[in-house]
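Two complexes are shown next, each including chain A; its partner changes from chain B in the first to chain C in the second.
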Partner chain A sequence: MGSVYALLGIGFSLSWGVMKVINISHAAFGLIAAFLAYTLLQAWGLDPILSIAVSVPLLFFAACFIYRFLITPITQAKEVIVSSMILTFGIAIILENLMLLIWSPDPRVLTTSYTSKVIIVGPFYFQYPRLAGFLMASMGVGIIQFFLKLTYTGKAVRAAWQQPDAAQLYGVNLKRISMITFGLAVASAGAGGVCMAYLYSFEPHTHSLWLIYLFLVVIVGGVGNVLGAASAGLIIGVITGLSLAFLPYQWVNLLTFGLLMIILILRPQGLFQSEV
Partner chain B sequence: MIQNVIKKALLLTLAICVALIIAHPAYAEDKPIVIGGSLPLTGKFAETAKWIEKGMKFWADEVNAKGGILGRKVEFIIYDDESDAKKAVTFAEKAITVDKVDLLFGGYPGTAARAVMPVAEKHKYVYVSMGGHMKSFQQGYTYSFGGPPLMGEWWYEGFFQYMKAMPADQRPKRAAVYTMNNPIGASASSTLAGWLQKLGIEMVINEKYNLPLPDATPLIVKSKQMNTDILFSNGFFADGVMTLRAAKALDYRPKVIVQAIGSVIPAWVKELGKDGDYIFSGTALHNKLNYPGNDKLNAYIKKKFGLPGYPVYFGFGYAWMQTLSQGVEGAKSLDQTKIRDWLKSNTVNNIAGPMSFDEKGLPAPINFCTQIINGQVELIWPKEVRTAEPVYPRPAWK
Partner chain C sequence: MLAVNDLEVHYQELRALRGVSLEVTQADLVALIGSNGAGKTTLLNTISGLIPAVKGQVSWRGNSILGFSADAICQEGIIQVPEGRKLFSKMTVGENLEMGAYLPTARAYIAENLQMVFDIFPRLAERRKQLAGSLSGGEQQMVAVARAIMARPQLLMLDEPSLGLAPVMAADIFQVVEDLNQRGITILLISQEVLHTLTIATYAYVLENGKVTLDGTAQHLLDDPRIKESYLGL
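After this line comes the complex of A and B, so read on.
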């Protein structure tokens, strides 16, 4: 559960940290990938994991297009964060209505041949969908980390965030890098959305619920920090799991969001050092 | 001089003609009766609200084809409150004070209906809706009616009556109760303790959870460890699905699974398929009830949407409009107080059956026990309306 929150949250954290764009529509893009996975599963029996091969590139190019024509103009604004929130809130509304139009407001559930399978190890139960979500999320986090640390473009992304002027002097095309970062961030939301759909039912409005967890992951993990977001996701997942196991169930959300408040008070910059 | 007199005479004649046209009853009769309010057409309650809207619009088409109410056609002003009860209040105020609608239609869900009830009372508008469970009808409102209501407190009455009729040694013995921590969950679970005690079923787990439920596995593990043989899942669709899936994954096999609200929407059967079978629940109306109008609605739904019978919320939308329109026709007026008084002193016949309203605006307690069998929501109790033999105990998971 935590790793899935992490995968969904990494892209959100990246676009916030690198471009100062708080993408309110991030979860809505993830939800589109979930609906695509559902449609491909229903129509052709395609496993949701494989549907990522379709949704991730699709979302990447859609996000590059949106960045080029919608986000770029607002990066010139005095208050990029506020402007981006307003703009992407509008995009989220459009996407939600688009999903309502295409898929109707009916709630959906991803049901595969392994949905109800479980692995029992001693006193521990591992449901297949949760394991699949965990593995996909771990891979996603690994791929993004690999990209940022070991590829030229990834290094350029980090440079653009840490020292934008110096990066430009070294020939980094800031606009192009920002567009790629935004595309990657949204594409990772696609993978995260499919993982979320393994765990929970979803309908076109669900993205506003997912958004709460995105903020939670980023605030706990630190803005722009991939490993921080991954760790935050795991921490939140573990706290939720342990609370469910040992405390009255109605305390779980209280505990999770109480933790957020404590972190905000003690470490407003997040638990981890803010660096890509 | 003469020209001036002629001019004034012409103007006076014109003014009299205009006044006569406006004052003529036929002019008013040509205007449609406007019925206003809001529904959550987007947001988390959109799926069910869209069915309510379809039910209301089907009713309007039907009424208009027959010449309307009081000889006037009807039309709706439907605002989208985005699943926000505060916006439902704003739109109710707007419909009454700005649009000056002739009638107010009932809202959904219970939180919105409960919030709109005092607005209707303040402006003295008749408000026929599902209500916001029993507490909302205990506030002394005189213009609100549950026609039919969706009462959490009555939700399991039919199921427990069915259990009561069963020999005591065949009943489940140990109950696990999980309830979403909100007014709907609280209403649905309010009668559980009393009924379980009466039936000799021990309530070994009674837990609340806040929405969204992050994971249902621990709930099922606990139910299994405590050897419970009846599970009450008092939740919506999302948490209901998670609970059921966890039960299957962990091969938890109680004799009965009872689910509150989530299992009554068509998506339950569509999305869960065979896994969604054998769930017990309740309802205030049902497409297989032998009351006038149900066959016609079922035929329409089958033709238009390919469903075997109308979904329950389609029925609610239609039934609330039936109740309101019978009040108008009975009172022979759009005067809200006359409509209210007629509804309080007469019997209404809608697709949920005949209803007479008490001083709270409620009919006599109605509830039917349902079970999903082979993807169909079947009536189980009362026995005289039974449409299929109940499956008890619940078979093993497939």
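After this line comes the complex of A and C, so read on.
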């Protein structure tokens, strides 16, 4: 479960860290991927994992388009963070209503042939959907990490974040790199959204709940820090999981966000050194 | 090769450059000297495409390059080693060098250029896997120059490469700059170490309050009484 938060949170953290764009619509894009997975499953029995092959490229291009025509103009603004929040908040509202129109406000669940199956390994038992979510999310995190550390474009993303001017002096086209980063961030939200849909039921405004977890992941993990976000996702997953086991449900969020406040007071820069 | 004509640049409300003209000929080592705030860095950043000009011209091999984006200027072979080094400090030395060769034209020669860089700075070969931010000031300056070499510059512009370095280190960097020039790279060097700069330069410009107040061959400037008085303290 934690790895799913991580996958959902990494893209959010990247666009915040690299481009100073706090993408309020990040989770809404993830939710669209979840609904797409639902529709593809209902209509053609397509496995949700395979639906990612459709939704991720779709979201990537949609996000590049949005970046090019809506976000580029505001990157000239003095307060990019604030303007980007307002802009993407608007996008989130549009997306939410779009989802309401298409899919209606009913809660949905992804029910596959293996939803209720479990694997038992020694004293542990794993539910199939959780396992699938975990594996997919870990793979997603791995792919992003591979992209950032080992590809030229990924390195350019990191360089542009650390020293935008110097990166440009050595031939990095800042606008293009930002667009690609934004596209990838949103695309990873799509994969994360499908993983979330494996675990929880969802409806068109579920994204605001997911969004809170995104902030949690970024704040605990450190802005723009991929491994930080991954670890933060795991920590949050473990905390919510454990507290669910011992405490009534109402207490879980109280505990999680209590933790968030303590972290904000003690280590406002996040638990982990930023390293991208 | 590079010609700057009547360039005017405003920095916020300030007129940072007021009609600057300057020329760099192929294979030259041109020095640009002047006190703090004279506009030297602004000039380089305008040539590099980071700052827009209000009026004037910058031409490169006969074509205007004013208004080009910074990455397009880099593509033209005009490479800047920025003031304060501006390394990618959370990337390794090796990654910094790779970023120098980011453009496909430079990437094709990456192995060959790495070899050359490690010949010039053997210490960087040892530090290759270390984070650039963890190196000493002198080593960081080596990385900054090495990163620029990786970009295969035709014109290399260095902004205060010796600033904040120990004298021995600074002398090394000047030596490297001179070597690079002898390898055929045209150089535009900004420095406040006037004596040292003028001894390796072929031609020099003095920039004061956004204007070129003096120019001539380096030897000529070394003998100029105004230079002796204001910059050499003689």
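Miscellaneous remarks
Assume the second predicted complex is superposed on the first by the 268 of 276 C-alpha atoms of A that agree within 3 Å, B and C clash if a C-alpha of one lies under 4 Å from a C-alpha of the other, contacts with A are read in each partner's own complex, and residues count from 1 in each chain.
We adopt the following convention: a contact is a pair of C-beta atoms (placed from the backbone, for glycine too) under 8 Å apart; a residue touches a chain by one contact, two chains touch by 3 or more.
Being a predicted model, the structure only gives us computed values, none of them experimental.
In the superposition on chain A, A:Ala167 contacts chain C only, with no contact to chain B.
Between chain B and chain C, it is B that contacts the larger number of residues in chain A.
Legend: residue contacts after superposition of the two complexes on their common chain; A:Leu50 is shown touching neither chain B nor chain C. Touch criterion not met for A:Ile102: it reaches neither chain B nor chain C.
Shared-chain residue A:Val238: touches no atom of chain B or chain C.
In the superposition on chain A, A:Arg158 makes contact with chain C only, not with chain B.
In the overlay built on the shared chain, the residue A:Gln250 is in contact with chain B alone; chain C does not reach it.
In the superposed model, A:Ile119 lies in contact with neither chain B nor chain C. In the superposition on chain A, A:Ile94 makes contact with neither chain B nor chain C.
Taken in their complex, chain A has these residues touching chain B: 1, 96-97, 100, 104-109, 111, 115-118, 125, 127-128, 199-201, 203-205, 209, 240-241, 244-245, 248-250, 252-254.
Against chain C, the residues of chain A that register as touching in their complex are 152, 155-156, 158-159, 162-163, 165-174, 274-276. Residue ranges of chain B in contact with chain A, taken from their complex: 42-44, 46-47, 50, 83, 178, 181, 207-210, 212-215, 217-219, 221, 237-238, 241-242, 245-246, 248-250, 265-267, 270-273, 275, 397.
Those residues of chain C whose C-beta lies close enough to touch chain A in the complex are 48-50, 69-71, 74-75, 79-80, 82, 86-91, 95, 98-100, 102-103, 106-107, 147, 151.
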